[in-house]
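Quick notes on the structure that follows.
All chains are identified by letter, namely A, B, C and D, in their written order; residue positions are counted from 1 within each chain.
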Amino acid sequence: MSGNTFGVAFRVTTWGESHGRAVGCVVDSPPAGLELKEKDIQKELDRRKPGGRLSTKRRESDAVEILSGVFEGFTTGTPVSMLIWNKDARPEAYEPIKDLLRPGHADYTYLAKFGFRDWRGGGRSSARETVARVAAGAIAKKLLSLFGVEIVGFTREIAGVKCSIDVRELELSEVYKLAESNAVRCPDAEVAKVMEEKIVEAMGAGDSVGGVVEVIVRNAPAGIGEPVFDKLDARLAYAVMGVPAVKGVEIGSGFSAARKRGSENNDPIVLKDGKIGFEKNDAGGILGGISNGDDIVVRACVKPTPSVSIPQKTVNVREMRETEIVVKGRHDPCIVPRAVPVIEAMVALTVVDFMVLQGLIPRSLLQKRF
Amino acid sequence: MSGNTFGVAFRVTTWGESHGRAVGCVVDSPPAGLELKEKDIQKELDRRKPGGRLSTKRRESDAVEILSGVFEGFTTGTPVSMLIWNKDARPEAYEPIKDLLRPGHADYTYLAKFGFRDWRGGGRSSARETVARVAAGAIAKKLLSLFGVEIVGFTREIAGVKCSIDVRELELSEVYKLAESNAVRCPDAEVAKVMEEKIVEAMGAGDSVGGVVEVIVRNAPAGIGEPVFDKLDARLAYAVMGVPAVKGVEIGSGFSAARKRGSENNDPIVLKDGKIGFEKNDAGGILGGISNGDDIVVRACVKPTPSVSIPQKTVNVREMRETEIVVKGRHDPCIVPRAVPVIEAMVALTVVDFMVLQGLIPRSLLQKRF
Amino acid sequence: MSGNTFGVAFRVTTWGESHGRAVGCVVDSPPAGLELKEKDIQKELDRRKPGGRLSTKRRESDAVEILSGVFEGFTTGTPVSMLIWNKDARPEAYEPIKDLLRPGHADYTYLAKFGFRDWRGGGRSSARETVARVAAGAIAKKLLSLFGVEIVGFTREIAGVKCSIDVRELELSEVYKLAESNAVRCPDAEVAKVMEEKIVEAMGAGDSVGGVVEVIVRNAPAGIGEPVFDKLDARLAYAVMGVPAVKGVEIGSGFSAARKRGSENNDPIVLKDGKIGFEKNDAGGILGGISNGDDIVVRACVKPTPSVSIPQKTVNVREMRETEIVVKGRHDPCIVPRAVPVIEAMVALTVVDFMVLQGLIPRSLLQKRF
Amino acid sequence: MSGNTFGVAFRVTTWGESHGRAVGCVVDSPPAGLELKEKDIQKELDRRKPGGRLSTKRRESDAVEILSGVFEGFTTGTPVSMLIWNKDARPEAYEPIKDLLRPGHADYTYLAKFGFRDWRGGGRSSARETVARVAAGAIAKKLLSLFGVEIVGFTREIAGVKCSIDVRELELSEVYKLAESNAVRCPDAEVAKVMEEKIVEAMGAGDSVGGVVEVIVRNAPAGIGEPVFDKLDARLAYAVMGVPAVKGVEIGSGFSAARKRGSENNDPIVLKDGKIGFEKNDAGGILGGISNGDDIVVRACVKPTPSVSIPQKTVNVREMRETEIVVKGRHDPCIVPRAVPVIEAMVALTVVDFMVLQGLIPRSLLQKRF
């Protein structure tokens, strides 16, 4: 009865429904002395916000309000509560289909679990709840940046069109700039165009497409992760698989490792400037569930948006009879680009949690005044 | 400092090292009144046990002892402690390489985390710790079977050789029988032979191969899973990614969903005998992080065993100089078949935990006597 | 870094500071189908609200807003977020003493922990945060009442004046009515008058007094509590000792048991209407950490309010020199009566959590509609 | 279904029954590099072991075996599993009363919870399970001692006879020596004699007596504790109230604070050697749930042993009829002295957990070797 809290030592609890009054979260708690303003959060929320021709027509300013835990511009070490009012909720749009189960959505499963369902745009099961994750993740990212840890995500694939960029050779700030410069968040501008075309094509057919998001964590210290169950990769898989529409997660060479030999998949260990390093990074920065200091590489498969206007078979649960459904209204024909900041946020929350557990983030970022 | 406990309401804590005195676990706690004998556990341990020409030469009887929580043949509702003595530990075999970091292993990361390392076969990072997971999973499976829930795993792929069997059309008992009838645990006997050849070929080259394990959960009730973070798929990903050598996890159509359209990936909803059902199962039994009553389908990529006798670059950490390593000794050239019962166990522990949280498993399986 | 969540299966996370924008909580989550209105919450908040001549002059309407988790008047099974705006915050009142450590308060310890301190009325350490506890507790109490469980608290002692009422002989509704009918929440009207006099007397001297609160849980089922660590009494002690100003907790005969013999302290076991019962209740309804079906009896010692206008020795932390402090302003000369609903709330949250863990509260209170 | 784990960042999970094969625990996990031998544990177990004329006649060597987590004499940072075989179990002694509920014991409540009961000496509800707590606490104490933190407990009161020693004026090593020098663990030898007489007198009458244990933590750093729920005092209350037979817990001035005025109960704040200090310690070392650097003072009321040979009313649950019971056999007429090391252990486990959470104990006590 309590699956809405993420993290062990750095925790976020989220709340809110798609067409309720607001969504929000409580972050318990950033260390004291972190400079934090609403614009630090807003910056990330704006990346997730709908907009542009490839996105839902729902218009949300997604303006965040910090309600607690910050005093004189700094965190106090107590819970940071954040709230985002829902401004453009239109529950009435869902009334005509409130008894129909939308295929690929959680309508049936929420009903099976609770015997009662907020049918307004999926209620809690809507990806709108990810606003709160991004808000919490913004704090995690800001905190990590103080320790030199960078986290950048981008679109690796959409509708079968792949981007083959080798991130290991680039500055992450460059990858970020490239990815943020187009509507699909693909760092290869040429590939991005083809992806956009694929999305437009699917939209025209009343259909949707999926893809793959990749997130890189650079400069995470070696040694984070808590085997045997709370391994870094295990918790990343948990964090990312819990993002709406994600159906698969892989680390480093991932599923391709199934087709490699050991001698090929192992990363040779070498000295770099007198420190342990790796010639390549098939491990994706994690060995035995603990970071090895190299880039942490996480990829997630995002399924095509289940809301499509092509008629689909379904059941009317009030009358318990088979029927058809056409899901109109406001939704993204491809959720992949907007999933990027969400998955980044979940990765950031995971990494910061383990850094706290490893004792690498102090309870106060300030010098004590006595 | 405490990543060795799995589960929320049905918990297992494991302990033990590869070449220490013993490995074991505490299961806190099965409901009272479950009939439980050591042979119920032994049966599953025997499936994981090494043996045969494709496996490590370490010989362990893996005989389990139940030390608590069972009285007059029934669980009492208190913790069940289980212990398996290590009988064939040979720590001395690792002495010559104790200062060398084995590529693909956790040698470096444990050192980075703890500054100190049990070099005897990887210590805690060895897959030997999975004995304890299988022991705990055996209780979970027995308990689930009382509620009609079946869990069966098998090898879907090894060294690029795939088994294309459609499990949805078969009894799981049949899948089990087929899979257990060969050394690679592949339910297609013809394909199994080719897989075996691939393994033998890699062995001959002093190398190793990887593959994909699939686990099916049948008859799990609709409604289990705890969004938004403790979704069923998120926790399954966590459970399975934490198994040694796993580098990727997917649910249902998984990564292939990235290349599908929404109209194609959605499962049409229909009535079957008056109940909600699905025409196909690309969702892998989970929608919005909650089970939908269909087969839960989990696949995991298992990397090739990192221990290979082909020389590899590495570093001697005592002298901090680059060198080469040849990992001899007792290890599996392909870990996939032995990973099957381990992943089954983790899936079972996940499912039973959520069934308890959903209120579907009572605290006592007995009628009260007063 | 995360001590602001209470509960295992029925969880509340609170946030907010005394003179910040608001206080609030997230309850994760009541079962689906609980009828819930803001007035259900408001009723309890009003009991905790300041007012009357014996209380702080701070004026807060403490109007609660439910922001999520309720749809069409019923809980949906998802998190209930509640918010109470701070209306009468006057942080400027604390500016003159912001560098002085108030004796008996948490000023020094927050500084020692975080190196930084919200000096506005104690910030997070203020008893104002208990508003959120009472809001969450109101849901717990409403839910428990559906299962017949009643929870009533009252003042057992103030400034050495004791109320000797034997609650076991009374209806709890009667105890409630008696206690709520006077300013000190003592069910004995005569004793209440003396208590009031003692408070007025201390006020006149610029001083404060303490006392003892007692909370009774009636009709809790036998069998709740999770030994060996999460015993019912252990978790009650945790819940209640965490309330501001509480310095001691006891169950049943409590500290007086230290002076009894076993034959005297044991409760004789008898049959009542064919069921197991007890002739008396020195156990306070708990044996071996599990409820026995009798009244659960919890008492808490509440220390005298540390804010007194009598000059006290302290230290100016900016200048690190000894000085004196006079704490003026708005505070209660005796916190005991207002602690009653807070302690009730904590007891209710504890009991409901254990009832969920015992499988006694279903995930949905509704009949499924399919 | 999982109340057998204590702690957040430094966790212990215990298992075992009074007359089962063994009792034990898993500590997850001490930091790497702690020198640890079985004799470090044994020393504490020997303090808890029965013996002498005032104690049960059960004879247990309570020899501990460390099964994991220690390599070459140092902890590795992985779980430490410890086991103590039950040598002198005599379950047959309980057979004649297996259908009778022992007053003051958990017989009825376990039956109510689980519908099934290990009647052999109370099974899991027996104080025998505290062996495992003491074993885990021994590690906590050894670890704390490296950071200068001392923990000493003693008997403050038995059968109404009080020891009025002022511990604040003494070295804790002196208190320890005095307390350990007599059978009742009272640091005042004269008072100890009277206590012993009271116990012998009760024994003679087939009865039992209770008392009060006090535990002091000295040199704990200011700043530990996690408000608002996981306050240091709240978690201490939880830890200690969960010890068998404890019915009340208080901190510092405790229940006597109810009768004091604020000006009297507040501890004046002063400078001592340029640091913040307190003129007295009514707070018991804790303000706002966070340590203030002064002695942490915890007192627990221990009820008289419920096993008495005086006939008591009870019920035969098989026949559901009222009857009488005489509890013979091996038990302590006063559990107070043997509760001392158990309560110390629980306090130590609590303090070490908070020190880890506060970032004061590193993951490795060794210098990294690379």
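Worth pointing out:
FYI, a contact is a pair of C-beta atoms (placed from the backbone, for glycine too) under 8 Å apart; a residue touches a chain by one contact, two chains touch by 3 or more.
Everything numeric here is computed off the predicted structure, so don't read it as measured data.
In this assembly, the chain whose C-alpha centre lies farthest from chain C is B. Across B-C and A-B, the chain pair carrying more C-beta contacts is A-B.
Put simply, the C-alpha centre of chain A and that of chain C have 38 angstrom between them.
A straight line joining the Cα centres of chain B and chain D is 38 Å long.
In terms of their C-alpha centroids, the spacing between chain B and chain C amounts to 45 Å. With each centre defined as the average position of its C-alpha atoms, the distance from chain A to chain B rounds to 27 Å.
Multi-chain contact residues of chain B, defined as those touching 2 or more other chains: 1-5, 8-9, 14, 78, 110, 112-113, 124, 223, 227, 276, 317, 320, 357-358, 363, 370. Within the complex formed with chain D, the residues of chain A that make contact are 8-9, 78, 223, 227, 276, 357-359, 361-363, 370. Residues 1-5, 7-11, 13-17, 20-24, 26, 28-33, 65, 67-69, 71, 74, 76-81, 83, 110-118, 120, 123-124, 317-318, 320, 356, 363-364, 366-370 of chain D are the ones that touch chain B when the two sit in their complex. Touching chain A in their complex are the following residues of chain B: 1-6, 14, 101, 103-106, 108-110, 112-113, 122, 124-125, 129, 157-160, 202, 205-212, 221-231, 233-242, 244, 246-255, 257-271, 274, 276, 279, 283-284, 286-293, 301-308, 310, 312-315, 317, 320-322, 357-358.
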